[in-house]
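What follows is a pair of complexes built around chain A, which joins chain B in one and chain C in the other.
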Partner chain A sequence: MSFLPLHFTVSGYDFTCAGEASSKVKNKLKQLGYDSEAIRRAAIAMYEGEINMVIHGGGGEIFVEVYPDHIDIKMADKGPGIENIEQAMQEGYSTAPANVRALGFGAGMGLPNIKKYTDSLRIESEIGKGTTIYMTVQVNHS
Partner chain B sequence: MTVRQLKEQLELTVLVEQNIDKEITGCYIGDLLSWVMSRVQTGNVWLTVMGNVNAIAVAALSDAACIILTDSAVLDEDAKEKAQEQGVTVFSSNANSYQVAVQLSRLLSE
Partner chain C sequence: MKIKDIITILNARLLTPQADLEQEVHTACGSDMMSDVLAYVKDQSALITGLTNPQVVRTAEMMDMICIVFVRGKHADDTIVNLATQRNIAVLQTPYSMFTACGMLYEHGLRGGGEKQ
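For the complex of A and B:
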């Protein structure tokens, strides 16, 4: 099946740029006429991943593949990794530092949101090597 | 009710005006950004004290109708630019979130 590939580099610790990749993908999907609810889900999930890459992962790369009936998003960083993924997935669990909390992050809701807004989510992480998140958003055509 | 009508009927200071013909579907109040992304719905008026670039990104990505910064919370200069760029309307009010929400609720049920 043919798809549109998009690639982004996310710099670490730069909160002002975080969200640019998600917003570009959102605009692209709008242009392509995708269902607005699917766009919204993909955009929020991707933004949560982007922010996590900036705050916890020290930046990384995002690969998006846009298919007619679904959107695949892969987000890879070479940060510290996640020791206990099950714990990280719990609502309210956060190791975000105080400076980041002051900006409104650190509710421990990012990963649960990604799960909520995507149709599949897989996290691969190795301590000291990094974290890669794979997510898929299905698009319903009416 | 649209954002334009909201602007006409509530005492709000306009900080950034963009796409004000958006239809308002309801309201959400919160300052923790991931919490907001979990709960806010398309077309909601979002009441918050977070006037930073990240709040603008959240409003844009989650299709909120507009932001009202309550308790006269400040909109950062870079956030103002981002709001213009992303098409997000931002108001400010010296009332608190509860007071604004009560007024909004009256308007929405008229």
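For the complex of A and C:
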């Protein structure tokens, strides 16, 4: 099956640019004429992941594969890792420091939002090694 | 209501002159936590916030929102205005506080989106 591969490197220092990769993917999906609801779900999930990479993971790499009926997103960082994934998935759980909260993040809603907007989500994380998130958004053709 | 109505109601200043003020705003959301905003997928909304950083524009973009209102006359820098202009998002600045701005829009019939009834 044919697909479009996209690759992005996300800086761990530049909060201003955080979300640029998600914005590019969103535009690409719009150009390709994908269903707007699917685009929004993929964009929000990827954006939450991208923000997490910047504020918790110290930056990393994103690989997106766009298929006719689904979008695969893999986000990998070499940050501190997540100790308890089940806990991290809970609404309201956040370890974000005050400076991050002052920027409007740290509600502990990012991972729950990703779960809500994707059709499958898998998180692999090892303390001291990093975190990789795999997500898939199905595209319904109307 | 339309974006131009929001400008009138909130006595707001338009920071993105190219914006199409005839666009309809169906629902609005007032928050300073971006992930809270991202928790509800809803079309054509306006975001009312006291935060002024580029992630506010990105959040609005991901949500397909068409209007951002900065409360308490908060200053939005060029990065924010340019980012919003590129994405066809209207940026307004109102002297009112978050509570008052939301209340005034509500009074004029604007409602929140995606709320559990």
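What to note about this one:
Operating definition for what follows: the second predicted complex is superposed on the first by the 142 of 142 C-alpha atoms of A that agree within 3 Å, B and C clash if a C-alpha of one lies under 4 Å from a C-alpha of the other, contacts with A are read in each partner's own complex, and residues count from 1 in each chain.
FYI, contacts are C-beta pairs under 8 Å (C-beta built on N, C-alpha and C of every residue); 3 or more make two chains touch, one makes a residue touch a chain.
Predicted model, so just to flag it, every value in this text is computed and none were measured.
Shared-chain residue A:T118: touches no atom of chain B or chain C. In the overlay built on the shared chain, the residue A:T132 is in contact with neither chain B nor chain C. Chain A residues 15-16, 18-19, 22-23, 26, 36-37, 40, 43-44, 47-48, 51, 103-110, 112-113, 116 lie at the interface with chain B in one structure and with chain C in the other. Residues 15-16, 18-19, 22-23, 26, 36-37, 40-41, 43-44, 47-48, 51, 103-110, 112-113, 116-117 of chain A are the ones touching chain C in the complex.
Those residues of chain C that touch chain A in the shared complex are 32-36, 38-39, 41, 49, 51, 53-56, 58-59, 61-64, 79. If you check the complex, the residues on chain A that touch chain B are 15-16, 18-19, 22-23, 26, 36-37, 40, 43-44, 47-48, 51, 103-110, 112-113, 116.
Within the complex formed with chain A, the residues of chain B that make contact are 31-35, 37-38, 42, 50, 52-55, 57-58, 60-63, 78, 86.
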